[in-house]
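Letters A, B, C and D mark the chains in the order given here, with residues in each chain numbered from 1 onward.
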Amino acid sequence: MAASASTRGLGVAVIGAGMAGKAHMAAYRTAATLYEPVLPPIRLVSVGDVSPAFGEAAATRYGFERNDTDWRAIADDPSINVVSVVIANRFHREVVEGLLAAGKHVLCEKPLSDTLDDARAMATAAHEASTIARVGFTYRRSPGIAYIRDLVRSGTLGRVLHFSGRYWCDYAADPRTPLSWRFQGPAGSGALADVGSHLSYLAEFVCGDIRSVSGGRFATVIDERPEPLGMVSGRGATAVSDTLGRVENDDYATFSAAFDEGVGAFEVSRVATGHANTLTFEVFGDAGSASFDFRRPAEVGLYLAEGPAAQRGFRQVILGPDHPYLAGGLAMDAQGVGFGQNEGFVFQARAFLEEVAGLPEEASLPRCATFDEGVHNMELLAAVASSAEAGGATVTVGDVAATKNEEVPA
Amino acid sequence: MAASASTRGLGVAVIGAGMAGKAHMAAYRTAATLYEPVLPPIRLVSVGDVSPAFGEAAATRYGFERNDTDWRAIADDPSINVVSVVIANRFHREVVEGLLAAGKHVLCEKPLSDTLDDARAMATAAHEASTIARVGFTYRRSPGIAYIRDLVRSGTLGRVLHFSGRYWCDYAADPRTPLSWRFQGPAGSGALADVGSHLSYLAEFVCGDIRSVSGGRFATVIDERPEPLGMVSGRGATAVSDTLGRVENDDYATFSAAFDEGVGAFEVSRVATGHANTLTFEVFGDAGSASFDFRRPAEVGLYLAEGPAAQRGFRQVILGPDHPYLAGGLAMDAQGVGFGQNEGFVFQARAFLEEVAGLPEEASLPRCATFDEGVHNMELLAAVASSAEAGGATVTVGDVAATKNEEVPA
Amino acid sequence: MAASASTRGLGVAVIGAGMAGKAHMAAYRTAATLYEPVLPPIRLVSVGDVSPAFGEAAATRYGFERNDTDWRAIADDPSINVVSVVIANRFHREVVEGLLAAGKHVLCEKPLSDTLDDARAMATAAHEASTIARVGFTYRRSPGIAYIRDLVRSGTLGRVLHFSGRYWCDYAADPRTPLSWRFQGPAGSGALADVGSHLSYLAEFVCGDIRSVSGGRFATVIDERPEPLGMVSGRGATAVSDTLGRVENDDYATFSAAFDEGVGAFEVSRVATGHANTLTFEVFGDAGSASFDFRRPAEVGLYLAEGPAAQRGFRQVILGPDHPYLAGGLAMDAQGVGFGQNEGFVFQARAFLEEVAGLPEEASLPRCATFDEGVHNMELLAAVASSAEAGGATVTVGDVAATKNEEVPA
Amino acid sequence: MAASASTRGLGVAVIGAGMAGKAHMAAYRTAATLYEPVLPPIRLVSVGDVSPAFGEAAATRYGFERNDTDWRAIADDPSINVVSVVIANRFHREVVEGLLAAGKHVLCEKPLSDTLDDARAMATAAHEASTIARVGFTYRRSPGIAYIRDLVRSGTLGRVLHFSGRYWCDYAADPRTPLSWRFQGPAGSGALADVGSHLSYLAEFVCGDIRSVSGGRFATVIDERPEPLGMVSGRGATAVSDTLGRVENDDYATFSAAFDEGVGAFEVSRVATGHANTLTFEVFGDAGSASFDFRRPAEVGLYLAEGPAAQRGFRQVILGPDHPYLAGGLAMDAQGVGFGQNEGFVFQARAFLEEVAGLPEEASLPRCATFDEGVHNMELLAAVASSAEAGGATVTVGDVAATKNEEVPA
């Protein structure tokens, strides 16, 4: 399939015209301009969205040939090879399975689904499919995070001792923010699912697999919110009613983890006043440490326990062509020119298209995450929820039923 | 006692001539020069240390009249009113009880003792004493931390939603750091007791009482270290042997907590490569947030959810005479002149002497922590250890036997 | 012309396939996807470069239909309406005048030329042309810089008192960096022309016009460098010879300036070890101040002299949809997603295309700088050189012959 | 003299009971407690101040035996050996000369005087005196600044290429701040004399001597201020009248300089809104760079052009016992405990007392600056004023009459 595509070029569709969907569209448009021009031609074919107005506007804006209101029109179009699925999590399974059955390569936004059962089913479907199914953990595409992973893998930091990560958002910090789907669902479907999935994914990306979690704790610190009047938009300026309704899921979550090597602790919040989107983490090894703050994506903190003691200190490493992704990547790839999350989507689209086109993995970018990795990430979050339900007990990842207290690894 | 002292002046002794003891000595010497000169005259009488050489050197350096090798000589000296106890935790009880029995006012370094039983006994002794017994949590004397407490109490941050704190040290990050008493003792006697006591104390100082803890986890990430050859000094340059011995206690600890209002998570480490002494924390309220980094003690991060959205951001508040402790305190008390932990000991000594001298609490500085608070802090850490032993289960503070899983407050 | 173009779409060419040229190419490719899709269709027609290999590679990479080795082929192509000129400064005049004469809209990279005479001639040609001629000062497209300009213009900072700006690079900090064209030419053609042009332009963009300069000083701190062996590439890994040659122009330059309102000082360097590309500046008003650091393009420092003294401090404003350029601009336009200099080129291309297409100025982005502004910037730099030649005397901008000492405005 | 003093101890007086005077008093009180106890006993004898109330309060607060309202009482007291002079600059000459004539060791606050003639006369008097005369440039006592000086001297940064320094204050940024003596006097007596003296002194302390200055520019950006009603206190809360009066001297000053090696630029302001006391500077060498921000006195930025390019970056060096002044200095001397400007005064008093006591220079701290250095610093500032008067021309330091334009060193 990939081979035939590469002669004719690759036809691309994106299903879902929200903000993240647009980021996928923009990324496919730009992906071919990175690195050596080894990709086959890219045709931007269709934007799928149930709203014809939204779909058409996005298609026009990003240069797609048409829009479809039913995903089946995309599945049925033989000129489309590659599809991003960027819709509500609970619809992922149906659409992704349909696309795989129709022989499409699928890049599904994270998390794979809203239930672990569906996610596992999707992974099974991916294994059975002849095409490529990947899940979009864009944060691994942040050059700083990839650089820290390299520092760990190369042994520059020595043996990893512990990890500390936080993801702070404040979209729900104002108690007057009205109720919406975000505030409904079981414990763990709030801040943990929303941003904890990113944080936990990249922790494993950087430090290796997590075996068990402990100390799961959820908190709904603002437990009632006004009912909305009218539709709730992204930035929530909608009028609210005087009636208060119940918030069901987690504003805040924390847990700790035992990695294959080392331990770590995690905190996430959607009520962290002052933080629109602050992901920070540190990795501590016995030969060095590294830190990252997503507000400053073009820099990494690096400490090396070497050289004269009087000259040691955390280094503000400004990312450039000596670091992952950048050399020959962006048009301006010099040190100090900056970049952001939009570029992360471009790197991701590029990586996916390289794999679809059958290019060797060494071409330029490492592959996207598999559905198995997506399931693993959901199992990790399920283990956190299970730990929280058991008052903080230790739970082995992948063994969600096991909510008994177990030995904590020292 | 205090009244008679204030006419004759206050005779001061410090027991323990290590680094923290010296900080107490220097502080008593300077304490009278802060604020209005309301203190009675201070006489620096004796330095107590089992080593006559160390004791004499310190007495000479800090201008104390003499040194004693037995604490009883201090207890027996009627010219001494005020005694700081800055010796190994396991000796606290005997010395403090003896001093209280002899009618001395006692400022005991934290933690009160190495066992909760001893600490509780000391609190009982303090209640029964006619003199003042206080415990030295110097970190509450950091002007930035006091300022954040004021922000919380005044409602400037709104309702507190969650707290996040970390205390990173790296004195044990090098696997070749030899074994010493620091690495011996039960789980919880390592990093948790050492720096977790500071962090948890100030968390409650800022945010109010912690009711229960959950998710206790200890990790000994470097589980063997070389046996030392010869005496281990503070900075550990001693030669080490080829023999490896077992590290017994925690290099790293984490837990979460339910405050009376809000929740929080804590991490501490003595193997956090690159961090000699980094205490950082954030407090999130629904009207604002504050952050602190002990490496930069003269500044506080402050976010207020007010004013035009386009102009909001964390403010780097440089502490000065508009903030706690500084106005009329240090000789140079202007904004931007900086200060550090030595000043914290001076503020603490001043506060203790004001109370001993019978000055009204409004004089200049809030009182030092009571032994009951010292016990509470140890109970909190004991609850963490109990939680860890139970694989992360929730434990009510003060109820160390209760290691069963309980409901986690949402 | 623009009107007819907007029905047929706009044909675009970029002359010069170096790094900045590629940034223009990538930008034209993306420009249509910003904001509402109001632009006419963009056709990417030709990449001009004297090297057929470079030109073809760039055309393929960025999706241009062809490449040309002679700029006249672009001038002669009636399907091309819009041309970016991104070649060595000394060739700007010939090419730009030729393109204008051929009826093309021209976006010329800064500085307009290597001589003031040529730049003035180009401005005259621009006035006589029926098409649009603009100069590419991309730094005005940095959302943070545009935001600070808005703070000044809206009076948020009060009356502007002084400006302080520095542009540090270190591409020449290593004494073994070989000689190249960068090190040849008159005083002022080194660091001042290279990065001082950016810095001085944005100072006026933010704070208004500079009337006179003073204290011009150039320094060639590394006055001999090895002759290169073979071609010198961008990152200069070429082998060098044992022969040393003379550096002719400025490694470092400084000057001060009198604005219409307020004063300021400037420093630039190409030997600022540790700074790949660090532009920082502060603007001080009597009601507030702002600061910017190009290494962290997505944030601005803002101080407002309002509210309780104890709560004031520089705010780390994280840029987002409440700030210039971003709302509805990038696909991911949320606060905290980051962006960099590549996006600056896209904003610039968009602004230029909007003007060419005859869209009203309010469409989305302010216009690009005119050639008159480009001449003014060169006159400013010439005045600095003149001041330096006169040992630091005051020189009125635009009056380069006047090197006599004049009154310094207080 | 010193020898006899060291047997009897040293009697100390401080003339001037303002904030800086108090810093001297506190410093003499503490100086003996630093490092090994090698100092002779210190007797705190007298505080001199024309106000008996202020003098007595300060004497009581800092433990001096008495206060005097006439400096001659101090000069005449044979039990006093050491005197700090911390009064208005225009009275320095009379008092210092009187004290030297009376055989006192004198530590005079910077600047030596308000006129160069007086300063030169004082230096002559110092040369003729049998006692020690020193000037108090406390900023050289900042451990971070001393560390950067060491980096330069040891060659760690390579050859110094350029220096960049700024000193921002905002005590005059509010246009309603009333007139006072600070705003009167010739150009150069404002911000330049106030904080420019510190900045220029430390530039030479770190980078070596300045030969000539250029580009002097003064600006009085707020040229009228309200007349005060009643006395103006330090923090200026006094009521003001409706009448505006003229500001005579400089709110802002800038200049550049040619060092023996390298060049540099300087900016100072008293109207830098948002900066209570911000001194920042960078030193660029061809092997590394260093930076300092007085708001964070316990850290230094250090960049070394060594090791893998991907791992380079400015290091946040946290000062501790591996750096100047701290090991064995402060009671708490560990890395990360912080310190501030008050400690700078203590280090200075200690250094002065060591010299007075005849201890070898290697004892612990380098000597204080001589009066010749104090004159040199004033000559430097006079050269800046001369340059400004001449519209920015180059002026050789020490040759204030030479206001002709000279060749600028490249």
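Here, a residue touches a chain if its C-beta (ideal position, glycine included) is under 8 Å from a C-beta of that chain, and two chains touch if they have at least 3 such contacts.
Since the model is a prediction, treat every value here as computed from it, not as a measurement.
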Query: Matching A-C on over half of contact pairs, by residue number: which of A-D, C-D or B-D?
result: B-D
Statement: Computed over C-alpha atoms, the centroid farthest from that of chain D is that of chain A
Query: For chain A and chain B, what's the span in angstrom between their mean Cα positions?
result: 41
Message: Please tell me the distance, in whole Å, between the geometric centres of chain B and chain D computed from their C-alpha atoms.
response: 35
Message: With centres defined as the mean C-alpha position, give me the chain B-chain C separation in Å.
response: 54
Statement: Flagged in chain D as touching 2+ other chains are 275, 299, 312-314, 318
Residues on chain D engaged by chain C in the complex (per definition of touch): 157-158, 161-162, 164, 166, 168, 173-175, 187, 214-223, 251-252, 254-256, 262-263, 265, 267, 269, 271-275, 282, 284-289, 303, 305, 312-314, 387-388, 390-394, 405-410
- prompt: Inside the complex, what are the residues of chain A that reach chain D?
  reply: 147, 156, 299, 302, 304, 308-318, 322-323
Query: For the complex, which residues does chain C have touching chain A?
result: 19-20, 22-23, 25-27, 29-30, 32-33, 36-37, 57, 60-63, 235, 275-278, 294-299, 318, 320-321, 330-343, 345
